[in-house]
Amino acid sequence: MAAEKMALAKALTSSLRTALDSDPKVLVMGEDVGKLGGVFRVTDGLQKDFGEERVIDTPLAESGIIGTAIGLALRGYRPVAEIQFDGFVFPAYDQIVTQLAKMHARSLGTVKLPVVIRIPYGGGIGAVEHHSESPESLFAHVAGLKIVTPSDASDAFWMLRQAIECDDPVIFLEPKARYWEKGEVDPSGIPGPLHAARVVREGRDLTLAAYGPSVKTCLAAAAAAEEDGTSLEVLDLRSVSPIDFDAIQRSVERTRRLVVVHEAPVFFGSGAEVAARITERCFYHLEAPVLRVGGFHAPYPPARLEEEYLPGLDRVLDSVDRALAY
Amino acid sequence: MAAEKMALAKALTSSLRTALDSDPKVLVMGEDVGKLGGVFRVTDGLQKDFGEERVIDTPLAESGIIGTAIGLALRGYRPVAEIQFDGFVFPAYDQIVTQLAKMHARSLGTVKLPVVIRIPYGGGIGAVEHHSESPESLFAHVAGLKIVTPSDASDAFWMLRQAIECDDPVIFLEPKARYWEKGEVDPSGIPGPLHAARVVREGRDLTLAAYGPSVKTCLAAAAAAEEDGTSLEVLDLRSVSPIDFDAIQRSVERTRRLVVVHEAPVFFGSGAEVAARITERCFYHLEAPVLRVGGFHAPYPPARLEEEYLPGLDRVLDSVDRALAY
Amino acid sequence: MTVESTAARGKPRRAAAQRTAAKKTGTKQAAKTAAAPGTAQAGQSAQAPEMVQLLTPEGERVEHPDYAVETTPGQLRDLYRDMVLTRRFDAEATALQRQGELGLWPSLLGQEAAQIGSGRALRDSDYVFPTYREHGVAWCRGVDPTLLLGMFRGVNHGGWDPNSNNFHLYTIVIGAQTLHATGYAMGVAKDGADTAVVAYFGDGASSQGDVAEAFTFAAVYNAPVVFFCQNNQWAISEPIERQTRVPLYQRAAGYGFPGIRVDGNDVLAVLAVTRAAAEHARTGQGPTLVEAFTYRMGAHTTSDDPTRYRDKEELAAWEGKDPILRLRRLLERESAADEAFFADLDAESDALAKRVRESIRTMPDPDGMAMFEHTYADGHTLVDEERAQYATYLASFADHEGN
Amino acid sequence: MTVESTAARGKPRRAAAQRTAAKKTGTKQAAKTAAAPGTAQAGQSAQAPEMVQLLTPEGERVEHPDYAVETTPGQLRDLYRDMVLTRRFDAEATALQRQGELGLWPSLLGQEAAQIGSGRALRDSDYVFPTYREHGVAWCRGVDPTLLLGMFRGVNHGGWDPNSNNFHLYTIVIGAQTLHATGYAMGVAKDGADTAVVAYFGDGASSQGDVAEAFTFAAVYNAPVVFFCQNNQWAISEPIERQTRVPLYQRAAGYGFPGIRVDGNDVLAVLAVTRAAAEHARTGQGPTLVEAFTYRMGAHTTSDDPTRYRDKEELAAWEGKDPILRLRRLLERESAADEAFFADLDAESDALAKRVRESIRTMPDPDGMAMFEHTYADGHTLVDEERAQYATYLASFADHEGN
């Protein structure tokens, strides 16, 4: 396959297709993943090509999806389960937290659980309740899970392949507002490590750390700030568990200021963990406290209010200004 | 009722009894809360005295318990639901997170959900898997819930009464390792605010912030440190959502050093949120980074390893030493 | 629900010019009816009874040994009017979505009889827990249809007071409301009230653990709840065979309460069966599962494209069983309505559509600060802190713009 | 499980002397059988068939039209031996808990026939998903009983390799394993293997949504799984009436597969019924629900006090139906075992108990650093960081002590 420009959603389809092609144990399962190709068409055409035994429409029951995926993994399969929207993962929460995350440890390493849970997440698409949430914190606190989230098409392609190849359960968060963003995907390339952060824009004055949908916001903020003469570095964390603290530390030791941006509520969010650990690691380097920009302590609001709720360009720049004022 | 010395578990029983007595809408429900009186006997004797219509043994289904509690609350009742152990709340997670927490906001304030969810939590009792966990972070991130946890008998009595009187859903975390600790309870007293932290020991050199079972550990650490000539202040946070940041700030502005202690894993734990926010509020006051002592990023271990896993006296003092070394 | 919204979006607030923000998928044997291993205790109920029907697709009234409704011509006209207005409202909402006024609309097209029949079987004091598609039931409860639009426009998550009409807010998380209904009904029983509680849910929802738990609680506490399942044959793209291999109403027996299938496109049968089930509940006899056998004639929602997964023939077959058409045939057959009635109803429909259109266009966007309201009933210091910070942040623009 | 452990606890590590660490409750009508609102589609199966029995409490063999087992005297002795040794092991474990060697023990007392009968019905290639009480099934699978003790002593969360004996780890979260079994069975079907998968669960578990979802998935995919419910009449303190008002095996029909009740204290009947259900699964005919009607003769676990909630009379009645006693009566009646057999078995029991006692006393505590093992298969940098920090922390004591 040659390098090709494609939308993030299509990169995921292509990634699933190559995974199904290269390993007969890989399965795709979830609600409406078959003929419909998923509500975002990420699994489009897969059932047609790989059959109903490998691309499986499931009953409408998320605990059932993850619980049977665990059983399939125990039998030697590598299920890639789709949860239709972020807000619908919670019926499966018990299976994820008490079973999927813990079974490898419980068995003293004798069983492996290579289950990938794909979840379209984040807001900004004008949706009704439960369709715009960012639940990463609720999984990151739980040992035994890995959590990654791509921000562009190339990462979408490669990170999903790597997640499927990983022998641990991976929560794969897909930034649904970015599904239609196009980017170059080179299937013959060699991907970097799955859990490494990446500097997506270099800068001197302050580091913006973000992931998933917020990376684009931060790049826009950095572009805007440049016109004001401020040089912002943008770090795409890519992985929420583990977090590449070394990369953040390297950046902050240079820029001496850090703002963490995510759509999830700030309270008990990823920003708290990054702030706490980076402050510990870089106590003598930081010129300002690590600031956080994210959702408020409120249910994700109705669509007409999401611009206000989401950490957009303006709120990011406001925090940058505050951090620079120290 | 006169002031009386009683075990924390008995203070809870007494609190439930007075609540049942004073408001006919209060219900107690859960697995084995009836004749057995709950596996920790917290509901001992209540069914006998208030009948099966008010103290309700439920089917073995946590989602059902919380889902029907929501319905009962919509009908005007004030259910106090018991989850038998921390590790068994997750089947109810969806009902708690997507329904209980959000329904007041969803209804623009027209319906109220005065539901209390009592959960014995924390480790140190030599139990099998799923019986020793501390899930507070997994609820604190979710707007719409309040989370409180007493550390002694008097708070157990009063905070449960206040939680039941509150018109919001409250996750009431009971430190099971402290169920048998005795303390004075004065039912004729006047309780302070439910969400206010409390200085349980004054000190000058560093603040230990803790809650629930860790308060006792921190008091022991402070006593030990005193013999080394170090003066530790101990703050019982009492509430995890909201957190009384004002109280922590007041303390840290004096002591200039803060260590947060909890049994839950450190990664994405309460300590992260406290560290991030207090660093922001007290950036120029802190002589050392806020340090955190808590569980590791691993499933709660088998009982023979829990001493190692839990943030005991020695690990607390180790962090105190590290913080004082800055 | 499937949502890739096309609703109009706002612009970034920051004024400073240089800063612009930028079916049938059955696996082998799935539908096969398994034989018992040796005994008669088979899973399959061999002699599944016919579904209850009182009005044929051709508009003929038929008898049923257990169910009947006496109707005056006026009552028939009322039911017809309910269904026609509901369909018209629904069509208007779909149109408004196409015009960008709503982000999404889940149409009830085809399910009018199931909803009007059941909705009209209830008393004011009964209480309803809907899914997201019960626009017809809302109509029967007296909820102003324009209030249903708010959440689909994105101005709120539910715009009516559930207690004004004993009609709970729409619930989007599939199946969750069946437990709320059961709990509410447990409360009704404690109160000794003669109230029935109705939990609506879909065929897809029948697979959710919550629905099973609701059955268990309702049975164990003998709660006065009617589980009203609209089996519209599809859960988005998945046909009913992905959820069950036996008729859904049969599930009730295994939990110890009656289940019954009714022709969901026959408003009279639905009315009769729901009335009986509600009365069963009110008189302390406990829960019933009603399976209304109907069809989702439209897309799952305006975001859905059913041509990807279902055949035209299926839709055509169900069009022959249209719930409104068959009542019209009865009205005509029995001369229960004259031309003036139909003409008046047309005018009333147009007026309703117009009112809906106008109301949506004047529906105000919520104020930004509304985010900080109603998360808690009794307040929360973090919310107060964030509200204050956000207000300061907003004020900083005013300052800038003022300069 | 209920746990207020009395297991011996370690001491605080820090050596510095001045730093010591302190270190039948039915609500009204609940059990009432509701009548259908008008029709014969009642929830209650009026003519519930008897449960399958092949051996009476008095030790007489009886015929059943659909089920039979041919047995040689040797096979009867083997089943008897399995049950006796299982009961002895179980009693020894209970004793070890009393002595502080275990934190907790969930006894299977009374359920030996249900477990040995079903366990012996399986082939090596079949796969079992137990709850936490299936010590007898573990025995049949060839899992060394001493391995079962580790998790109750607190040295691990499950001490055997599930794949060595096709016996999964114990699952404590009620009902969760039924979905694992169903998924595993879906995989078996994909592989085209003739393997049966057995999911054990209790009467209490039947209320969990996960179990209902397992039924749905198993039915829809026709998965080769046997749902084996040991209805031991109690879920801790709650009698079966708190979970259902009709017999549990009837639940299967509503999901479209066969359900059958068997006398769970009759090892021959359990063997016959489980064999048929497993063969049903292996031959592509899909799931079966087997309800083994039995009794928990002991406490829920060693932490439980059943005198708080159940009557002596009930226990006494069930003691008359003891599963071991009735097989012994048969052995005697048919002269299938001589005194030497019983004497040898006594000696074997004693030897087993001795081995179990010795093994627990020599069972090593895990090393502290074991906490950092096996959270991930492929590593995680945070675990590495915490492991290193903890090692440094531990080393600081060594330094202190070294000084």
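Points to keep in mind about this one:
Labels for the chains are A, B, C and D, by order of writing; each one numbers its residues from 1.
Here is the rule we go by: contacts are C-beta pairs under 8 Å (C-beta built on N, C-alpha and C of every residue); 3 or more make two chains touch, one makes a residue touch a chain.
Because the structure is a prediction, the values reported are computed rather than measured.
Should one ask which of B-D and B-C has more C-beta pairs in contact, the pair is B-D.
The chain with its C-alpha centre at the largest distance from the centre of chain A is D. The mean-CA centres of chain B and chain D are about 34 angstrom from one another, to the nearest whole unit.
Between the CA-based centres of chain C and chain D the separation comes to 42 Å, rounded to the whole angstrom.
Distance from the chain B centre to the chain C centre is 39 Å, each centre being the mean of its Cα atoms. Chain contacts: chain B has residues 53, 58-59, 61, 63-64, 87, 90-91, 94, 98, 102, 105-106, 129-130, 143-144, 241, 267, 296-299 touching two or more partner chains.
The multi-chain contact residues of chain C, meaning those touching 2 or more other chains, are 26-27, 156-157, 173, 207-210, 213, 216, 220, 242-243, 375, 380, 382-383. Across the complex, chain C meets chain D through its residues 26-30, 32-45, 49, 52, 65-67, 206-213, 216, 219-222, 241-246, 249-260, 276-277, 279-280, 284-288.
Those residues of chain D whose C-beta lies close enough to touch chain B in the complex are 1-7, 9-10, 12-14, 18-23, 25-27, 103-104, 150-157, 172-174, 204-205, 207-210, 235-238, 242-243, 303-305, 308-309, 365-366, 368, 370-372, 375, 380, 382-383, 386, 390, 393, 396. Of all the residues in chain A, the ones that touch chain B in their complex are 63, 87, 90-91, 93-94, 97-98, 101-102, 105-106, 129-130, 137-138, 140-144, 241, 264-265, 267-273, 275-277, 279-280, 283, 288-292, 296-299, 326. Across the complex, chain C is touched by residues 31-32, 34-37, 39-40, 47, 52-53, 56-61, 63-64, 84, 87-88, 90-91, 125-131, 216-217, 220, 223-224, 227-228, 267, 296-299, 301-309, 312-315, 317-318 of chain A. Across the interface of their complex, chain C is touched by residues 53, 58-59, 61, 63-64, 66-77, 94-95, 98-99, 102-113, 143-144, 146, 166-168, 195, 241-246 of chain B.
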